[in-house]
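Note that subunit A is present in both complexes that follow, paired respectively with subunit B and with subunit C.
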Partner chain A sequence: MVQTALAEKALSIKDLTKDYPGVRAVDTVSFDIEPNTVHCLVGENGAGKSTIVKMLTGALEPTSGTMAVLGKPYQPNSTQDARNGGIGTLFQELHVVDQLTVLENLTMGMEVSRFGFLIKSDLEDRVTKTLAAIEPGIDPNARVSSLSVAQKQIVEIARAASSGANIIIMDEPTAALSEREVERLFGVIRRLRDSDVTVIYISHKLDEIFELGDNVTVMRDGKHIATKPLAQVNGRPELIEMMVGRSITHDYRPRGDIADNPVLTVKGLNSHLLKDVSFQVNAGEIIGFYGLVGAGKTEVARAIYGADKAHGQVTFKGRPRARSPKEAIASGIALVPEERRTEGLFTALTIRRNIPIMNINKLAKFGIFQDDQEKSVAKEYVSKLGIATNSVEKYAEKLSGGNQQKVVLAKCLFADADLLLLDEPTRGVDVGAKSEIYDLIRDFANTGRAVCVFSSELEEVLGLCDRIFLMYDGRVEAEIRNGATVDIPKILNIVTGGGKAGT
Partner chain B sequence: MTHATAQTGVERGFGQRLKTFLKDYYIYLVLIAVVVVLSTANLDKFPLFERGNFLSERNIINILRISAPILTLAGAFTLLMISGYIDLSVGSAMSLSAVVYAMLVINGVPFVPAFAATVVVGVILGAINGFLVIRLKITPVIATLITLSLYKGIALLLVEDGVSAIKSGGGLKMPGWFNDYGRDGVLLGLPWAFWVAVLVTLAMIVVQDRMKLGKYAAATGGNPTAAELSGINTKRTVITLYILVGICAALAGIARSSFMSLGDPLSGDGMELTAILVVLLGGTAFSGGEGRVLKSFIGALIIMSLTVGMLTLVPAYFQTLVVGAALLLAAASNHLVSRKDD
Partner chain C sequence: MTDQAIAGRRLQARDNKLSDEMFITALVAGAAIVLFLLASMLVPNFFQFQNVVNLVTNNWSVIALGVGVTFLLVSGNFDLSVGGIVALSGVMAVWFAQASDGTNPLSTGWGLPAWLAMMGALLCAVMIGALNALFVVVLRVPSIIVTLGTMMLARGIAQVVTQGSQRNTNLPSDFGALGNMTMFGTSIKLPVVLMAALILIAVFVERKTVFGRLTYLIGANPVASRLSGVDNARHVVNLYLFSSLVAGGVGILLASEFKSGFSNRGTLMEFDALVISLLGGVAIAGGFGSVIGMFFGAIVLATVTSAATGLVLSPDWQFTLKAIAVFIAIMAQTWALARRHSS
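Up next, the complex of A and B:
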């Protein structure tokens, strides 16, 4: 490890700013990270945490501002740069090679060779020692495919540590771990800190922050709110208050009385992640599911849609749960999936080819597809949804995020759905298109059809939904009727694992 | 968005329009170029072209007759590749079909039942591929390499020991009408086999543009996850496409068998490579999602013109090399034209 003077900051960020067209994602943020600490970064979705991480790892270039590692200016252009600068990252998706052994994974990219031939070095001993120091339970000669997700994570951490990183960034590392695995990871993190490594820890789970962190930086709306030792933070309420401030505005307009007329009834839904989820959705109602990443929102949507295996009683318009998306669509359910580009859209196809794909039979006569009709339908939806394009022949790939999302929505509307499941409907969508999509959702519900919104943006569910189900760790923890008196700190407390509240 | 239409209509520059034009019509230009080059070359000295002209009626008919198998196959193969899958067993399926068809005919089965039975064989061969790939989840390249060996092995076994192909001899005689289908001009001097290829291609164009299967193939190849979540049965789509390719391989086998007047268990060798080349030349992406049946048909015409044309210009042993070089040129410029940027 690098010897450093005690006064030197592990990382020092000054006036860091990142602008996107129309948005300032990070706004003149300055803070320091002390060496050999676990430094937590908290904030709501969209607060700017991931943007900062991306600038630290070289994935994004700051618009302005400076960073310094151990007092030296730091301007990474790639992950490789970041690694050379002493910053390692544990990404949410793991980058280990299953077919190789732990040791081969650890030394990958650092092999010493002469004329292309591998030569012996002390490298293997060194990495084996590092691994043993942070987690003796992993056999260096085991094949990575035989390890659990948690162990693979530790292998990645060991790789970062043995490549000489003084700072390791961990972005939501516990999202996919069981409780015991989380404890083990915490042990690893503490041992890292004791062996001269600084950890930047990002998590939505506030309990973890209090258990693990030395210092915390709170972000809100791209701005730096505070950096202080966790010992000086007065418990969850203060942290939540700093995260939320008074900034959440919600323009929820009560949508009149909704009769008790359930179209969808879910009772005791269980899956690999979900635990006993039950709820009802009435005709004409907009329901919200709010929770953090990994709380189980997507799983609820996919279970109702027949895309995932699940147990429990689901009744839609008197019919049992669909066993496949095909069945779900036939019964009148349509899903806007979480990942637009990989799950919702055919980017290699034009707008007009995308729109009818969920319900092609509607445009076919005796098995022959009506091309002219497809064109007029596409034009109709383009104007109805306000998709900004000069032609329906444009490839979906060339549209902006907001317009792509409208195309996915058009697919679902064309499928004549009576129940729309919207998973993160406005992720990566600009503000203007966002409010247009909200209006489309309201219009849809106003015709007596039902909508379920699955979102990790509180502002979204508060602005849109009549009733909100709060999810944490695969469970529905509470049900809230939306209105002017909604208690935001209480909501945040529940979705960050702050115990059950009455309904 | 009407004002946007007007604006961009003006803004779209000449360069952009030229690029779009090239992307759409590139393959036709290549065909014209190949024909022009081959027909201006001096062919008098070569006995195959008695009138010394590539564009002579006789030569054109000759090329189109020889091309019937690949022309039959190109359409269905394009759709399969658009869905992101591949069938390396087409050549062996074609050989096996040729052998089966010849065996039936030489044993006295009339044309229509022999033809129908061979098509059924094609359905079965295609269904086996679909089963291996979709139900047993074997990687398409591996699965169809396996059936490449299997189908060819069966074809070889069907032919009697010591004989190279099913043909007249040993008390059995191929009826005189056997090669009418592949050689006898019925319209514009071209045989049934060629017109069947045209009909099949037209049918595949209808499938691509006007039927669910075509739409689902593009969706499956473009984004399998999104296709499943959009309620598309991607498994059924792919199995259907494998069966279509099997049927076309059988039709190609009948055409080849009739043209050569025998059932040769090696007659389809190399067909899988030709099919892939033709489809790629037609602009279908190897990764799936994009492509046009008609362009593959044109691609097949280009390859066959080159192959036959080269035969007259350079010694036979140069032929493969020259075809490869021409293809490289075509594919590289196609890549430059269709490269994605704004």
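Up next, the complex of A and C:
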């Protein structure tokens, strides 16, 4: 059986396409994955990697195209189907049960029972051996709750391997790991490969790709760009070139000279993730923070806003760092949070009720709420921001992503902020609303107030920001001034971890 | 759903004339009326104005407790300690007021004047509320566990103080004044009037003030409310203190009415207060509900139980009937809201 498996491709994808209304997320993609290799999948956010993974794991149904595992047609309808078809997945959220032991986790769902009672079988021996083969350091009888995140990941990998998966997909598995844990995970992945398992490895960190991968597939804008052995890739520059192409166009218009008039000064900001972050923001300036997911952008925003614990010197208009969002708002800072639906909006409330929330006392006299004023304020902001709705009484959950985001922005504008912190301001927002939001941001800055945009979309920061701070692994690695001459490959090199090595 | 379909629905949508809360409140009020008429057809002599008055006056204590419980539920927190606090504050008020020269331990107290004894008892009640706030807000223990604990603690202290029974002797003559004072030349007693005043104030706070608004916001989305500058912690602390203050007041008024401090008084009242809130349309997950709804929920429950007594069902059936009423009411609400949102 091993011989036939070697002859066949572990996975072959042919003309795979996935359409969403108005968008083709994956566009006639075809490539093969050789058995017993580590096959890397790279591309920018939105390139279509996660859509492919979702189709492989049965979470999404392809619009057209076929997939085959070891030469056999493969059409999963659920993750259970995918597992039966030999594809296991290591998701970013772990699915282990903390209260059980490692062994119980490994045998979960495969227990042998008689008359409803569990009986001993060779299953336990088998999974124990699998675990020992990939990571001898984990005691099978330990409680999973006592393990680190990295060890839990390994338990999950072992479960996939012992349930007979020939292919294991790992989506950004190192996002939450320390450097030493990453090394150990790489050891596990190599041992998996040596024991006839194919690994599909997805990561933004290009160093990891070069260290670990045998072959690489590059995706861009839903299209397949190339699949080739990493040995034939000429270093990071070629990989970045393939990922970006020449497709990034940006319409940055220089906004005239901005005086050196700092409103926000951050010196030596440290937190559980941030390392010595320092920068200044001038009045009237739009600042960008660009980096991959997990680089620390959100943490910078939340630290300035007083939402998270952090150490370091933050001065806004001469005042020290806010210790709570309430203090931040009072001092003139407003945040558009990363997760619009869970952190920014009250989806169960109407537009009218949402807009005044950040400055609710402005609509009150002696603690009594002025209902009629609220309505006129809501109407004013709906028209000012162009929120597409026929009524201010509409529930926020019924609005489209772009209009929801505009409601969140309206909340911040109503708070009379002098500094807007925008965390992923256009994620999940359609193109039209996107450019309207950009115009609102520019208008805001043109009145002499400051904006910080925290984004993992390069096009966004290049189109909008006057200065850009590049973040990697909790640090600000570089500062660049935006303009026609920005060196995009250099930016990508820095945010993928190439800044320190000097490659 | 396609973009076109969404756009189509957007065009069709109109202003909702009633908010969801008003809709549910109207639904519960309607149910209360229908149930009352139904009971009037089945039970002889049920259809009397005095009977309507009785439904309210006999339940003033639970309705008053329901106000604090409703505010806390709307903010996303439970308060199961109110029944225990009713027992504690009543027992403490009596103990503080009993003369210090009794013939046995149960008739001997601190000899304080009645008003001072009641203030002291109120303080004990608020301390239980502070304990709730400490564990829920500062130590972040789930409120259902914390208040279950403080419920037992409060009743436990009451039992120790009364040696498991009650204190009812050696009280100053004015101790019974508050609980038995009748108002406006009718048979309506002061506690009922206080309850009505509490409801009116609560409705005003809930509908018209920033404080009321913030309560809804915290319950609807605590993460977003914190990031929008709401001091969730302080607000929930205030709500627990308020709820315990109301429960303390109820306990003292009951002690005054019966001139006794009884350690089993208020048993299961916390559950009745929770049930009438849920019957009244308060969402158990927070962010939704109203005090008026809770009031009509209490009327529904009272109608069901008193009609059952009138129908010569043995009192043993009360719990079963309450259970049926709760299930029907909650299913009807879920169904009505879902229909409303899909139309």
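Methods note: the second predicted complex is superposed on the first by the 491 of 503 C-alpha atoms of A that agree within 3 Å, B and C clash if a C-alpha of one lies under 4 Å from a C-alpha of the other, contacts with A are read in each partner's own complex, and residues count from 1 in each chain.
Note that in this section a residue touches a chain if its C-beta (ideal position, glycine included) is under 8 Å from a C-beta of that chain, and two chains touch if they have at least 3 such contacts.
Because the structure is predicted, anything quoted here is derived from the model rather than measured.
Student: Both complexes share subunit A, so when I overlay them there, do subunit B and subunit C fit or clash?
Tutor: Superposition check on subunit A flags a clash between subunit B and subunit C.
Student: Given the touch rule stated above, what does A:Ala364 touch, subunit B (first), subunit C (second), both, or neither?
Tutor: Both partners.
Student: For A:Ala231, is the partner it touches subunit B (first), subunit C (second), both, or none of the two (neither)?
Tutor: In the superposition, A:Ala231 contacts neither subunit B nor subunit C.
Student: Now for A:Val382: first (subunit B), second (subunit C), both, or neither, which partner does it touch?
Tutor: First partner only.
Student: Looking at the overlay, does A:Ala484 come into contact with subunit B only (first), subunit C only (second), both, or neither?
Tutor: Neither partner.
Student: Using the superposition on chain A described above, determine whether A:Asn390 touches subunit B (first), subunit C (second), both, or neither.
Tutor: Once the two structures are laid over each other on A, A:Asn390 reaches both partners.
Student: Report, in rising order, the residues of subunit A that make contact with subunit B in one complex and with subunit C in the other.
Tutor: 305, 307, 324-326, 328-330, 335, 337, 342-349, 357-358, 360-361, 364, 367-369, 371, 388-391, 398, 411, 415
Student: Within their complex, state which residues of subunit A touch subunit C.
Tutor: Touch residues, subunit A against subunit C: 21-22, 305, 307, 324-326, 328-330, 335, 337, 342-349, 357-361, 364, 367-369, 371, 388-391, 393-394, 398, 400, 411, 415.
Student: Which residues of subunit C touch subunit A in their complex?
Tutor: Interface residues on the subunit C side: 2-3, 6, 10-11, 13-16, 208-214, 216-217, 220-221, 223-231, 287-288.
Student: For a test of understanding, state which residues of subunit A touch subunit B in their complex under the given definition.
Tutor: For this pair, the touching residues of subunit A are 305, 307, 324-326, 328-330, 335, 337, 342-349, 353, 357-358, 360-361, 364, 367-369, 371, 382-383, 387-391, 398, 411, 415.
Student: State the interface residues of subunit B toward subunit A in the complex, per the touch definition above.
Tutor: Against subunit A, subunit B makes touches at 1, 4-5, 7-9, 206, 209-212, 214-216, 218-219, 222-223, 225-233, 285, 289-290, 342.
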